[in-house]
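These notes open a run of structures that come right after.
The two complexes that follow have subunit A in common; it is paired with subunit B in the first and with subunit C in the second.
Moving on to the complex of A and B:
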């Protein structure tokens, strides 16, 4: 059975070892930062490419964000996704209810044009907001079954088997299609885009949809850094000669 | 009276640790306003979990009972049961643990009620002029967000590892009450059909010592010496995302924002730079030792101890040293 798959990704800054906030404390200062998507979402993209590779069909990547989020759509296309759709907003972050409502509208529009998506893949949580809910809200609005924390997907006939990671192993669920899943990193190893993919992505047409903004309910007042204890690092040595000093630390914490 | 209803999970005979943390979080909210504290859980509570609920000062324990509700229940079914119970108790606060399961159940509660849900909160209080003022964790724990939740009912999850579980000044009655929700068969669709348990070994999340490797380890084979050290010390091997992405280690070993959060007695970071997304996974460790050639690496400057050198030189010497002290080999 050929599959029609949609993946939702969110553009986020990629901070390194330190996060700098803007003066008004409303966002991360991105002057010196690149942008990316959550590793969970990168894996969702890879999963869509692998599944359509196995079963035939088409994949679409969808994001709600500013114009520049086309960059993340093109990265997904360079990995093998067929179509990119941008739900264009200003540069403000939308909360989970507003995001889910606009994504649901966009999905309804796309499905009216090219038929229902058999599978809609989300990340388990967005890297920046970590709301843990946009996928579930969209699935509920579309009246489709949804499971989170998914680390394995296998499409079989008219259904899909999904595995959810738990502390001591996996839980296995069997869902009818169409279905929705929020996936976790580890479900696969995302590929590095090949030159040919990057050329295709560069030229790809990105579909733009203008959303209506629904009032959500959760609004930011300010971002801040948690208090951190300043630790003075004790240097134990510079090479093999430090082994006895390290072993003494093992003793101190009760390992030896 | 307003009730703070807390969804809790069992872990064997007792309450799961994140659920005890969540109850302590919920109780501080309830006590500050003279509200009641109730708990809800799937199925009949065990003696051990009732003792924990009493210690946390819970007044009434609502056992959610239905054919569709057991250990394999669909999160959507649990959520629908909570929504019905919460509606019956009247408006107030509904809070769940910010665990994978708790977050999933509460997301369904948010979707079914169409109410906003604030995930991973560290504090919450009614705001002057309506709604709620709260603080929640973002970016996996590196940043805090002060936020306003505009709703009569507050739907929240409590951020794991943020509130230490503490017993109430006075124990609660933890009076048992059975709640039988009406559940649609459609809610049954995502129930668990089967479980596969990962065999043996010391789990990353609970190991007393974690020996973690990053790009500096250089290869899958390079992890051999980390394995050897971990085994000698009775610990587990962890890794950074670079190690996972290069296929050197399985993602099950990854520490960080999109991996596992660990809090061992000692965390040993070998050839890991200390990016924020890695740091949030290990920052709760009691002590951190960094082994790194770069004295400026954030992992080094934030660690308690550091060896400024090549891990490939230190680790073999360290294994010999530990063996010698143990009288092995």
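Moving on to the complex of A and C:
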């Protein structure tokens, strides 16, 4: 069966080792940074491209964010996604409740036009906020089954089989379509965007949807760096002379 | 791991290709107590070296860069870290094919094996190139790829093995201490190091580091975009880092270079993207490295189309994609050259910046020689940090010129090409008048100097001057120049020479000081003009200039507009430490008009009561002359070979001087002439040499034909080697040649512009016993002798007058004949006109 798949992604900065905050500590200073999506979302895009490749159909990538988030949509298109939709906001961060509500509205609009999405894929969590909520909230609002932490998707006749990694193996779940999944990095190896794909993506029409902003549940006080533990190195000695001291430490920590 | 000493002889800041090569060469030269610091980790501290493409195309039109590149290739080869897959510069347009033909001449001049090849041959060498869009290529088998990080490690190790070097990575420079104008210490986050010398080899950070000492290094960080496309099985199969020749797609300002199983695609085609050194992220803040910023995709998109057009199948291989892309930072300078040498502001503080991988080891050697011997083997005048004027050190100028220059990286740049941006900064006081006469301005040392005057267009017909048929030959040229020349020779011409650099020397020790500085004897009567070479310690040309004795303790030095900074530094550096002589720059206080031609005396005499007769005012004299109430200094000399004077007047009298002379000249048919006459046609007919063209440190006055009959008793810079050179026959001589047939195979007349190789009649390259190639140092019309004249050094055996040779131009050969092998040019060799 031909599949109609939607992938939701979020534009996030790609920081270096040290994350610099703006002076008001409200956001990350992105002056020197590029932008990307989370590795989970990259895999979700790849999964959508592979599934439509296998089964036929079409894929759409959706994001809620500022105008410049078109960049992430076009990257997904250059990897093989067919359509891009931007739920355009100003530059401020929306919390999970507001985001899920706006995405639900947008999906409802899109489905009214071109039919239901068989699968809606999210990354397991965003790379910056890491709330683990949007996928679940959207599924709930759309009244569809949802599973998270997914490492394998197989579309069968009238449903879909998904696997979630657990300590000793996989949980295997069978869901009816349409369904929602939050996928995890490792489900596949995302391809590099092809040069030709880039050129196609550059010319692609991005659909813009203006959302109605709902009340969220969270407000940001400030960002701060986590407390860095001060580590101290004590040299116990060198060569064989150090052995008694090492043995003493092992005893202290209960290894001997 | 860092054991920073608190004292060192020299501290090198920056462990990129340049800093590493400098410490290696300094150790070779016997330097000890060298400290190399970098704020990043080794071997890749995060500067431009770390993301360089590491390939070397050795052919360059400029000699200095070509020589540095060839030296670097030899050094990389000796280090065993160079492979030579070869490289092809491909042409999509006929204009580019012509440029490739011109590159053949440069390759021949510098001794690089290159070949123009057909599309079929391109396809053989690089099967995945789409030759349907190409016209041909320029194939250089010696194009190489090097491991610049490994080269750095080898160079450092060499210095460590010589017990000469302490290396301190992860060490940030926080301050440079200066005392009494001299560098005193480097303050780092790991301690303070007192030292005699500091070398700033910090690439894109150099301006920021130099500023800690109050010095300027005029460069800007700029983006060069590149992407890695892969995996590509056709490349993986070669199992080599690089097996296929590198392709430079010149017309799109791009290159494609195999990188293992990937293809690296780089571009100089996008808009100039400049950064500020202060804004470069730290190592911790950067996503990849401080000089590898995120690719600005929209700037690169058009280049992707071009790349796909050139290598459609390869770059479109299923499964291959853009693995990696960066906005890589590199250093750009206002004139595109490196920035080397001691800073003008702080003694002992050196710059070694804006250097590409292809020049790194050569620059390392150059700096080490310069610091050890006082001068490098390769003349550094095009790279010398002292070349920049104060205006050229402003951010406005740096940004304007680097923005303009960026897209010329692979451009077709005419030898006479003028910059378009940031012009009209320095105007001669005569400017309103020259502009009214339709002057076409060329830039000389940031001055606007008339090159020719459109108002003289009617002279072209009057003197029957022929135009040049080929657009390239007539670009940045006009037949008006030749017409102005003939009008000067027949009547008279007035020339705006305000761009001259002028210094004055005063003090009880002025004579003794200048005796030490120049070859000519300056202990001559007041009013005497002395044209003189200025030599390096090894006896090569440092500059040539005019000295006038104005008083027993007072001299004026007049040198070229473009030589202002270098000559000023050289003369200032050598001032006596006891204060017995001092030198000041009066360039901006004096304007200069030249009036030359057979009617010059009649014209100037008509506006002064001063006796200008040959008896009262002989050739080689300077006199204080009142001209219509203006106090002037008149110099009876000429660079164009005709009777007349250089007239210096206080800048504020300039317009009055111009108007006075202009009005007086009208009854005599005097015209205004430009730099085309002064700098090329007039001078080349007389065989006069120009600093930076005929004169450079690799040649001595005997070879240049500028040795004096007598040697003064006083000691001077370079005297020992000057005396040695005089004792034997020179191995090469500066010669004037004429082109005997201009007709190309296509049947049109072609005119060389300079830089072309001189060949034997059977087409062989000529080099002298020191390996110095024979090439055209200046080319230009000789309207009065009816020939196109070329100046070139020839090995003595080829320098016989009447000897027949060839010149290569656009991959064709033209016959030339040696007309003179002495300082006497072709026109009026006995100087009867000047001395009339």
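Observations
Operating definition for what follows: the second predicted complex is superposed on the first by the 229 of 256 C-alpha atoms of A that agree within 3 Å, B and C clash if a C-alpha of one lies under 4 Å from a C-alpha of the other, contacts with A are read in each partner's own complex, and residues count from 1 in each chain.
Operating definition for what follows: a residue touches a chain if its C-beta (ideal position, glycine included) is under 8 Å from a C-beta of that chain, and two chains touch if they have at least 3 such contacts.
Everything numeric here is computed off the predicted structure, so don't read it as measured data.
More residues of subunit A lie in contact with B than with the other chain of the pair subunit B and subunit C.
Using the contact criterion defined above for the overlaid structures, shared-chain residue A:191 touches subunit C, although it does not reach subunit B. By the touch criterion defined above, A:18 reaches both subunit B and subunit C. Applying the stated contact rule after C-alpha superposition, one finds that A:132 touches subunit B and leaves subunit C untouched.
In the superposed pair of complexes, A:71 makes contact with subunit C only, with no contact to subunit B. Once the two complexes are overlaid on the shared chain, A:199 sits against subunit C while remaining clear of subunit B. In the superposition on chain A, no contact is made by A:44 with either subunit B or subunit C. Looking at the shared chain after the overlay, A:33 reaches subunit C, while subunit B stays out of its contact range. Shared contact residues of subunit A with subunit B and subunit C: 15-18. Listing the residues of subunit A that touch subunit C in their complex gives 14-18, 20, 31-35, 71, 79, 191-199, 202. The part of subunit B that touches subunit A in the complex is made up of residues 72, 75-76, 98, 100, 103-104, 106-108, 110-112, 114-120, 133, 137-151, 157, 189-198, 203, 205, 208-209, 233-235, 241, 244-245, 247, 250-252, 254, 257-259, 265-266, 273-277, 279, 286-287, 289-290, 298, 300-310, 313-314, 316-318, 320-322, 325-326. Against subunit B, in their complex, subunit A makes its touches with residues 15-19, 21, 28, 38-40, 95-97, 125, 127-133, 135-137, 139-141, 145-149, 163-176, 184-186, 189-190, 216-226, 231, 233-244, 246-247, 249-250, 253-256. Put simply, subunit C touches subunit A in their complex at residues 229-230, 279, 281-288, 293-295, 297-298, 301, 304-305, 307-308, 315-316, 319-323.
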